[in-house]
Amino acid sequence: SKYAYVKNFEIPDPLLPNTYMVLRVDGHGFHRFSESHSFTKPNDQRALELMDAAALAVMQEYRDIVLAFGESDEYSFLFRRSTQLYNRRQSKILSTLVSYFTSCYVMNWSKYFPSTPLEYPPSFDGRIVLYPTEKEVRDYFSWRQADTHINNLYNTLFWALVQQGEMTPADAHATLKGTVSGQKHEMLHSRFGINYNTLSARFRKGSVITRKTVINFIVWIDGLETPESVPSDEPDGLKRKTKPKVTLEISHVDIIGDEFWNKNSDIL
Amino acid sequence: SKYAYVKNFEIPDPLLPNTYMVLRVDGHGFHRFSESHSFTKPNDQRALELMDAAALAVMQEYRDIVLAFGESDEYSFLFRRSTQLYNRRQSKILSTLVSYFTSCYVMNWSKYFPSTPLEYPPSFDGRIVLYPTEKEVRDYFSWRQADTHINNLYNTLFWALVQQGEMTPADAHATLKGTVSGQKHEMLHSRFGINYNTLSARFRKGSVITRKTVINFIVWIDGLETPESVPSDEPDGLKRKTKPKVTLEISHVDIIGDEFWNKNSDIL
Amino acid sequence: SKYAYVKNFEIPDPLLPNTYMVLRVDGHGFHRFSESHSFTKPNDQRALELMDAAALAVMQEYRDIVLAFGESDEYSFLFRRSTQLYNRRQSKILSTLVSYFTSCYVMNWSKYFPSTPLEYPPSFDGRIVLYPTEKEVRDYFSWRQADTHINNLYNTLFWALVQQGEMTPADAHATLKGTVSGQKHEMLHSRFGINYNTLSARFRKGSVITRKTVINFIVWIDGLETPESVPSDEPDGLKRKTKPKVTLEISHVDIIGDEFWNKNSDIL
Amino acid sequence: SKYAYVKNFEIPDPLLPNTYMVLRVDGHGFHRFSESHSFTKPNDQRALELMDAAALAVMQEYRDIVLAFGESDEYSFLFRRSTQLYNRRQSKILSTLVSYFTSCYVMNWSKYFPSTPLEYPPSFDGRIVLYPTEKEVRDYFSWRQADTHINNLYNTLFWALVQQGEMTPADAHATLKGTVSGQKHEMLHSRFGINYNTLSARFRKGSVITRKTVINFIVWIDGLETPESVPSDEPDGLKRKTKPKVTLEISHVDIIGDEFWNKNSDIL
């Protein structure tokens, strides 16, 4: 039609090729949302598991995501460097994935909060950040996990002071002001008998999702010609590759040190 | 932390000031989604009303949207030209609003499809398009509504041929190929007794949402000093403005001609 | 070749269609350049005329520029809103025009500074700014011309105090600090007998370049059939249009008020 | 002033941090320019040396450029990955450097073409391309040098056929159509006695500019305390670093193989 020219105002927005893409989603106004839905303080196991469920679904759907990390109301997704998803169109990728994450969050809500109806629609912002090198990608994930640690240590002690210590929030903040990490561990232990390191790893380390690709083969065993599925580490023979089966693995491990990255050397 | 430098890779993405912004969301793979959830063909009243409900919620939440138009699996939102929403940051606006739309769609699903559970999470892509002038904004909405008309006329006749005429889809397409608008009207009438213009306006024209701002005043009536709420067209006196009450109005009217725009002259 | 894939990293950078484009070039480090080449203070007629010459050449070459304004070491160029120059590719337009301006400046240097050889290569930065409406375009040019006025009034008085009044630069700045426009006019007049408004309009108003399109016609005069070129305002007859001849007009007039824009209503 | 708001329409355009930046300038319409100024065919030594002179000046001025490669009417400049030049603002870098290159080209024209006055102002387009990895940077320069080779072999033979072989250009093109590299070498040799590999390396390989940084030290020699400048490879002692002296080196060597990059390992 004579109006179709308006489509020309849609400006292309390709992301630089061969560059690592991180998509981070973060709950919009979750301070209020966590209050309205009575999230446990400082960590609500159900809320975090719901975030994990949404992230797992995103990774099931979008196969070019090779790593995800979640904490609090946020999740970060790393794409393989060479992904051609939606021709690397920024708005298309950003909007579609944030939408899908949101959809999964809402659809799964009642599974994790069976007796807490949604008061209002939760939403998430999203952003795509490009990183040229492996180093920055590792530092990005270290940044998020260090943040998890700092916040969780603070919040754990803060809420202990308030809930068990019966301090006012203002007093609790004042007490914590200027303390370093070691002092907080110490206070947790001496005042509340809490050994920080024994708290749930999900709270201390956040959630890490990796992808295990299991390639199945159809094997014609000599003489029988019966196709049979065997794991990919079978010795080479009369095999035919089938569609790789992707499984996702969630854990709550350290991703700052080298160990994780050495074990998962296919990520970068 | 020493990792925080990675935040510097978040590049600013401000949208040009004082330019009309249109956000369009469109269902991701709704061909499949409409099949999986047995949408009525060619138009599913429940599906369209659910889209309208989500759009209404978006407009309730984001007050700088002055007009919305919906059809099929898509909705377009026009912001007032001078909006400062999220400092006009493109990714922030795009992601947050697409997320909110999606959230409303999923949350309201069961209200419109009480006996059809969601088979899988629906999602939407989104894009922001900038238009410098009023003319382009009008042409944009004309483009979408003309599209509604063209598709609906075609689909209405197509499904009549298939469902009532017992044609195969291939034959129906072949029959329609090359026909102009008038011939389609004619075929609908002569073969199926359908007067196209009497079909639901929602199907023919799509959905148009405008904003009616009702400003209430607290009035101290002489001698009584009793505050009382009165509509804004009251003669000026001892009044005090209160927070304006915003009401939204949905209709299925023509937005190609001048009449709509003359009546709603505050939009542009 | 197998290396050609690197060209894919050239990301498209189209400018929003149908939006006013202003290109401003500004001398790089002209504080130093004007000293090195002994520019007259506060205004060097030769330097300004050289800038004008370069701008005129740019407008001769790039026909979609409809207006230019210059002052000091800068020039602004306005393109007609619908220009398709280089498909509106930002980097292509920016680089090519800044390059051409620079080339003209250097090539014409010796014409305006016959006895001052170039000490080192002058260069210019450039930027493209988009404006959606006429109002902003007018305000843009008002901004630049107001700047001309403010700077020139200040500098004229400053250098009078220093050169004729034998003040130190520091004392001159101190004397001027906090004075308003009227006081500066007054000081110029009472101390130095200078009526500001009689100073060169080039210095006070900057340079304004507009385009006069003169369309020539080939006319077959009845009976003679001798083609002859006549101005376009000739009464219609047996004419044939020839390639329009473009002439440029430079002036030093006010472009803040309406008069200029009413007279040149084809610019916007 | 009340107009200054128009400056807000200048949108930030930072380049992704820590990513290799290549700026390529290319003569605008040099097909015509080389004809107008009677460039020798297929290679004009003076024209190429003038390009080299401009590029050398650019590298003298912009210290973050670590490598340049030139051929025909183009030059490519590689910045060190971490450059903070103009805060990595794209338009600022692009415009300023293209302008400076142009300025140097025009200023130096008469030195290389003493008896050929400039007929009109030459100009250059420019573009900035980002590359995330070393591999792409190497492939970029291989792309340009492979192009040099392909074009030069073709052009050398073409002009031999035309000038010495007295073919028409059309016949020469027809003769060359479909020939592979080996055949061209062979024809050059058998028909014109030209051993391609003995032609000027500048023509065959283009120009490569690298930077040699010589750091000088002020040394207090024991007992004498006489500062003296010594090369940087002097044994450590009572030294004080002085401003590093940068020298540029131009050569016409292969940059496709590893040798160059091993020798110049500081570039990437």
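List of remarks:
Per-chain residue numbering starts at 1, and chain names A, B, C and D are given in the order in which the chains are listed.
Note that a residue touches a chain if its C-beta (ideal position, glycine included) is under 8 Å from a C-beta of that chain, and two chains touch if they have at least 3 such contacts.
Note that the structure is a prediction, hence the values are computed from the model and not measured.
At the interface between subunit C and subunit D, two copies of one sequence, more than half of the residue numbers in use appear on both sides, so the contact is built from largely the same positions.
Of all chains, B has its CA centroid at the greatest distance from the CA centroid of subunit D. Distance between subunit B and subunit C, defined via averaged C-alpha coordinates, is recorded as 46 Å.
Chain centres here are Cα averages; for subunit C and subunit D they lie 32 Å apart.
With centres set at the average Cα position, the gap from subunit A to subunit C is 54 Å. The mean-CA centres of subunit B and subunit D are about 54 angstrom from one another, to the nearest whole unit.
In subunit C, the residues that reach two or more other chains under the touch definition are 9, 11, 16, 18, 130, 136. Residue ranges of subunit D in contact with subunit A, taken from their complex: 16, 18-19, 130, 132-133, 136. Interface of subunit A with subunit C (complex): residues 8-9, 11-12, 14, 16-18.
Partner subunit D is touched in their complex by these residues of subunit C: 1, 3-7, 9-11, 25, 28, 57, 90-92, 94-96, 98-107, 118, 121-131, 136, 139-140, 142-143, 146-147, 150.
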